[in-house]
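Two complexes come next, and they have one chain in common, chain A, joined by chain B in the first and chain C in the second.
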Partner chain A sequence: MRWRSAILFAALAAIGGAKADPDNYVIARRGRALAIAGDCVACHTAPGGAPLAGGLALATPFGVIMTPNITPDDASGIGRWTKVEFARAMHEGRGRNGAYLYPAFPYPYFTKVTREDTDAIFDYLKTLAPVTNAVNRRTLPFPFSVRALMIGWNSLFFKPGPFVPDPQHSPEFNRGAYLVEWLGHCGACHTPLNAFGANKADQFLQGNRIDEWTAPDITNDQQSGLGKWSVDEVVQYLKNGQTRTTTASGPMRDVVEHSTSKMPEADLRAIAVYLKERGAAGVPVPAAVPASDPRMQVGEAIFVDTCSACHTRNGAGIEHLFPRLADNAIVRQSDPTTLVRIVLTGVRGAGTDVFPTSPAMPSFGYRLDDDQVAAVVTYIRNSWGNTASPVDAELVKTLRSHVAGPVERSAAQ
Partner chain B sequence: MVRRLPRKDVVIVGLGWTGSILAYELSRTGLEVVAIERGPWRDTATDFNIGTAPDELRYAVRHDIFLRPKQETLTMRNNPSQTALPIRKWGSFLPGNGVGGAGVHWNGQTWRFLPDDFRIRSHMLERYGEGIFPENHHIQDWPVSYDELEPYYDKFEYLAGISGKAGNVKGRIQPGGNPFEGVRERDYPTPPMQQGYAQNLFTKAASGLGLHPFPRPSANISVAYTNPYGCSMAPCTYCGFCERFGCANYSKASPQTCVLPVLVRQPTFEARTECEVTKVNLSGDGKTATGVSYVDAAGEEWEQPADVVLVCAYALFNVRLLLLSGIGKPYDPASNEGVVGRNYAYQTGSGSTAFFEDAKFNSFAAAGSLGVAADDYNSDNFDHGPHGFVGGASITSAHTNGRPIQFHPTPQGTPNWGSQWKKAVRDTYQRVTSVSAQGSVMSYRNNYLDLDPTYKDPLGRPLMRMTFDYQDNERKMANWMADRCDEIAKAMGAKTTQVNRLVGPWSVVPYQSTHNTGGAVMGSDPKTSVLNRYLQSWDVSNVFVMGASAFPQNAGYNPTGTVGALTYWSLDAIKKYLKSPGPLVQL
Partner chain C sequence: MKHSGSGSPRHPGHLTRRSLLASAALLITTGGARARVVTKVLPWDPNEAYPVVPVKPGGYLFFSAAEAAAVDAIVDRLIPTDELGPGAKDAGVTTFIDRQLMGPFGGHDWLYMQGPFAAAPLPSQGLQSSLTPRQQYRQGLAALESYCKTSFGGRDFVQLNADEQDKLLTGMEKGDVTLPNFSSKMLFSAIHANTLEGYFADPIYGGNRDMAGWKLVGFPGVRYDYRDVIEKPNQAYTLPPVGMQGRSAWGPR
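What follows is the complex of A and B.
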């Protein structure tokens, strides 16, 4: 009995103060959760490369930027960095030697991540196995290669400072705001950019085109946002990658698979509450394209032949596999890029622990010409409760020249 | 040079239905599992594009997803007095190739065998006496009963989302179901498929003749379904591209739709595709398997050590791997001794083609297991006394497809080409249907598998030799069934019918059935079986062999339901074995 008490005592001691946690386990684990919420892995991992070892080519309007290695490798990673240097990078956008970083690294968002949280992320990164992967960090062309240009950019567009909760709102809303606006940097994709690559703050989360995808409006708008989603549906989408109406695909598939599906449900709920309470973009509903329009008639014929076997004749789709097109805000985005792209190239939906199937739509670009794609997408955008602008064949043509290839073969392998 | 890889807990040979189920169930417990598959990776998203999957020439005629004879073939003869010759183009049966195996291209009929089928020898003996059995037969009871397998049939049906109508739930006969089936605990997971005009005619006609028609249990499913693993399926669109095709609509149960999505998420699972296992390696005393050897796509040889070897290839290739590895004593018909290769069996096909004067069957609106059946003449559901044969058949009205290249029946006497043929095709296409009997085949002393003395594969290993022919018992049975089919066809209102009988020796050329069974059968006696009742090798207790190779003889049903049930049944035993290794049946 005494012997057992001794073991119990030792165990309690181990749970206690910092000295008894030499591996910094508790903080590192919190840092890991924060790194997941921030989805660091999405940008800091090359296709097929080691996680967080960098080397992904980010295409910006100013040129390609290669993401750095953030494993704790001394020579090529952050092995020699200190907590203070890391916090300065996150909060001020400066490299270890003080050089200016480009805002492709979303420090304008991370600036409001608390110091406690940046420290925890740093502690977590230091627990990773170091991976040697020297990344070429000088890929931008002149004059953008001059990092000091960022001094001017920062003075115009960067507002450093800590996160201040809004006392008018609940702690849950404020937690959601912290995650969406800052750590999760959702605006980096979902907010339109100005000519300098900075966020248009007055259009926050109202949707944006990025890498030939539409990052949709995620305000509480009825026409093109989350207006018709419940808080539960937003949580379900982030956790499972799908709701009754839609399946995450494209870049959001990665976000769901690597980040949100692994986040605690309380955080997802906070995000949902925040997004639902924040307000709506107030997108005007455009005039419907009439059924008599030739594009609608051609589009309907194509839909019946090509799409209806899966999405069903009335656009209701099939639960868990084929997204509903009827009365769907994703379909009604003012920018139809994602819809056109999916028809041209096909796409694979998210696979999660709850819904592992990861269903795919095949490419139809090989047998529908630009006018036909424009017609069928116009038809979908103006049927079964949807009203949205028609699609121009020129947009299809341009997009076709930018996106290539069917659903990636490698996905399942 | 053979290179040895780090040890795994479990190595699985072949990643089809049985391999994928076992891989998932074992890797989810934390075991390190590697599956070695001879063909390529295949997945719905990447390989079965709805725009290209319904390509009859590519898949049905040119066998795109089937095993290539160059990879492996068999030699074949009808009896031991002949010299076997290699099959150079697959015909009578079509083995699959690649991840998913034949579970990719199957039609999807998912039956349970009847309680009598599992104790056929005892049952027939009790009811009819020894005289009922044909000459030189090897008919033997299964070492498991229907009741023992019932929960495992249920598991597989719920895995695959099978659409059907129960006929006997907890002993209560259900109207509209099969009244002859064994007692089941609950109904099918999804309701039966919508039937076509021919099936409605059959149902009326067969009922009028006193039979008990019911919808076939189908893996082309009727409504959206998410299985207990979380994998989702969509309702079948009746496109008629099932058999010989991968399903692009997530509507046909397959390893791709039902298991792989969860299997590939298991961190302790690994698949090595385009790697062919050449042999199960044995310890010096031959009593323990140490792993497998395989050759990768580049021709490099590897050795994969493992604690347990699960042989999950197609039935025929399971038998060959055992023969090549020296597991179990090879069967010799001359002495009637040995077990590996013994009791190879197949199936019969007979029936009646029915030509109507005025009908519109729309046979292109079809699915692999769409159809209705009557089991009144299956197994021992009828008195065999007056007929002098053992076995039976499931009698069906089905439309699996109306595809343009291979579906254009014409009345007998029509020329094979030219304007008259074209006219006959045009006149007949919408007005023809059939009533068919898929019948059992018993096991016999001279129907068996062994290694060919002459022909070898590209790796220098002997090909397997198949010695098989239908025996009088099967001809009698199949031809009696053909007459029953014809009666129904006429009662359906056919203007003319053509009776299709089983005549002449079995030929390897026209397609008949990919229901090859036996050769590594399960049993209670090591002198007449390769495996014990848990599908564990009698001789090498860390080797388990899945699949229809375990059937002691074949029943009048498609085999996959029973293969799936046996897999889950064996899984429980494998888990027991892992806790306490050794033979699970002591003699």
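What follows is the complex of A and C.
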């Protein structure tokens, strides 16, 4: 009997030594859902690298920052971190040893993620297989390499504190606000930055140029925002990567594929309700470029010969396949970078479980020179119910030199 | 006879799928320096493309001045300029042929060019010559020059009148003309085929200038969607042709 007890005890001890505590399965599952909503994998995964093992180079105006390994590896990951240390990183932007983190890590957003949620995310990360991947965390040049600089930055731009629901709005709206403003940190891309790399709070979600893409206005604005989208369309876009008339591409393709398409529909609906109810940027509608303008005439000829086969002569497109250009807020963004870029280099849309095809547009940079790209985009921005500023060929030239491969550069020569 | 899927006998020496693949692999690996074995990855990249470098007219890269003049004269008889529009010469076909001869076509770089070459090939056997297009033009035009000087009192092809040129070309087409050390039929076939190609290929390649060939036959160019017009039978199609580099309405380049 004594021997049998001893054997039983040994077996229990062996189970106790395993990494995952079976009791926190439900919490870890919740943490996984939160990590998906926060899209941790987008930044904490190198191209071709193990998920969440870090090593992605983030190009900031101040230099390159390499994202850290957040798998539970003792030496190179967060294996030795505690829940308290993890919550301090999320809420105060401090490393395990207290060093200041850079706001490339969106702690100014995560500060309002509840302690319950940071604990759940931590529990989830602890269930992952540890991946040994030591990342060089000292790539920023002087003086930005001095982490204590962030004391000053934080005092200017960082407002720590818990999330306070707005009692004037529904629980659904507040859930959406929590996801959009804080955990999902949508503003990190969709809000303009000031010279210090901090978001301009007064222009929250009004659109921003990032990595040579336009992160569009996602306020409820009629001209350039979601004003003409229904709540259902926002949900479909986030869940499926497309609505009947538009397709996610560029960086948002990654967000949809890695994050929003895997979120519960109730959360997506909360996001949509919040975005629709929050208010509009109030973007003034510029004067239309008249049809008699030479750029419009050249642009129309190019559109008819080159674009109309898919996007159709009246800009209506083909549902679920070729995006509609007519009366489209994406087309009317005050910054036409995304449109110009897509014409130059082509683009592939998001592929999701519901719409796995991920339709693609070919590049036209090899056929169209800078003036021609500017003309056709100007035409699209001022046709079929769209009114937006004309495109400068200089913008096309600059963008081409940044984003185009040798093939797409050929037409400029 | 009853078929049983798994019980079919295998005879020694029977050509199985596996042995066929194995022998094919052996052929690939021993076939020559240009063959390579591809494993695990596809030997191309997604969205890989090789866009054309547009031909800039002016001067000749392969032809001498005399050769270019002879080709000009020949293509001008094959598709003359008339009331229907510019002919092959005026549409830049000589420039097209010149640039093609300097590219991979001119050396038959992408064709199998080792023997045996059949002396009396079947029609299905294709080209049966070790001569590349560059060699055909260089040797053939020299032979034509020599033939004309001998047969037409010191005049070369360019100096013949139109009737004389037509008669000579007709003879070459039929193989009735005997050029010194060169098949007149081979020279005619090469120039005839390349003239049609140059006259109707996209203007980006140097011929078909201002889409003259396409306008002549009503070809719409690189458009590929006709839903707007397909429902309008018996109505004229009015859109102008468009090339790879667009058309004049796209603005100056």
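Operating definition for what follows: the second predicted complex is superposed on the first by the 382 of 413 C-alpha atoms of A that agree within 3 Å, B and C clash if a C-alpha of one lies under 4 Å from a C-alpha of the other, contacts with A are read in each partner's own complex, and residues count from 1 in each chain.
Following the convention adopted for this analysis, a contact is a pair of C-beta atoms (placed from the backbone, for glycine too) under 8 Å apart; a residue touches a chain by one contact, two chains touch by 3 or more.
Just so it is clear, the model here is predicted, and its values are computed rather than measured.
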item	value
Partner chain in contact with A:366 - chain B first, chain C second, else both or neither	both
Contacts of A:266 with chain B and chain C, given as first, second, both or neither	neither
Chain B versus chain C as contact partner of A:319, first or second or both or neither	first
First, second, both or neither for A:84, with chain B first and chain C second	neither
Partner chain in contact with A:375 - chain B first, chain C second, else both or neither	second
Partner chain(s) touched by A:291 [first = chain B, second = chain C, both, neither]	neither
Chain B versus chain C as contact partner of A:353, first or second or both or neither	first
Which of chain B and chain C A:304 touches, first, second, both or neither	second
On chain A, positions contacted by chain B and by chain C	309-310, 346, 360, 362-363, 366-367, 407
Touching residues (chain side chain A, partner chain B) in the complex	309-310, 318-322, 346, 348, 351, 353-360, 362-364, 366-367, 406-409, 411-413
Of all residues in chain C, those that touch chain A in their complex	47, 49, 51, 53, 222-225, 227-228, 239, 242, 244-247, 249-251, 253
Residues of chain A that touch chain C when the two form their complex	294, 297-298, 301-302, 304-306, 308-310, 312-313, 346, 360, 362-363, 366-369, 371-372, 375, 407, 410
Chain A contact footprint on chain B (complex, rising order)	41, 43-46, 49-52, 224, 226, 229-235, 237, 239, 248-250, 257, 260-262, 264-265
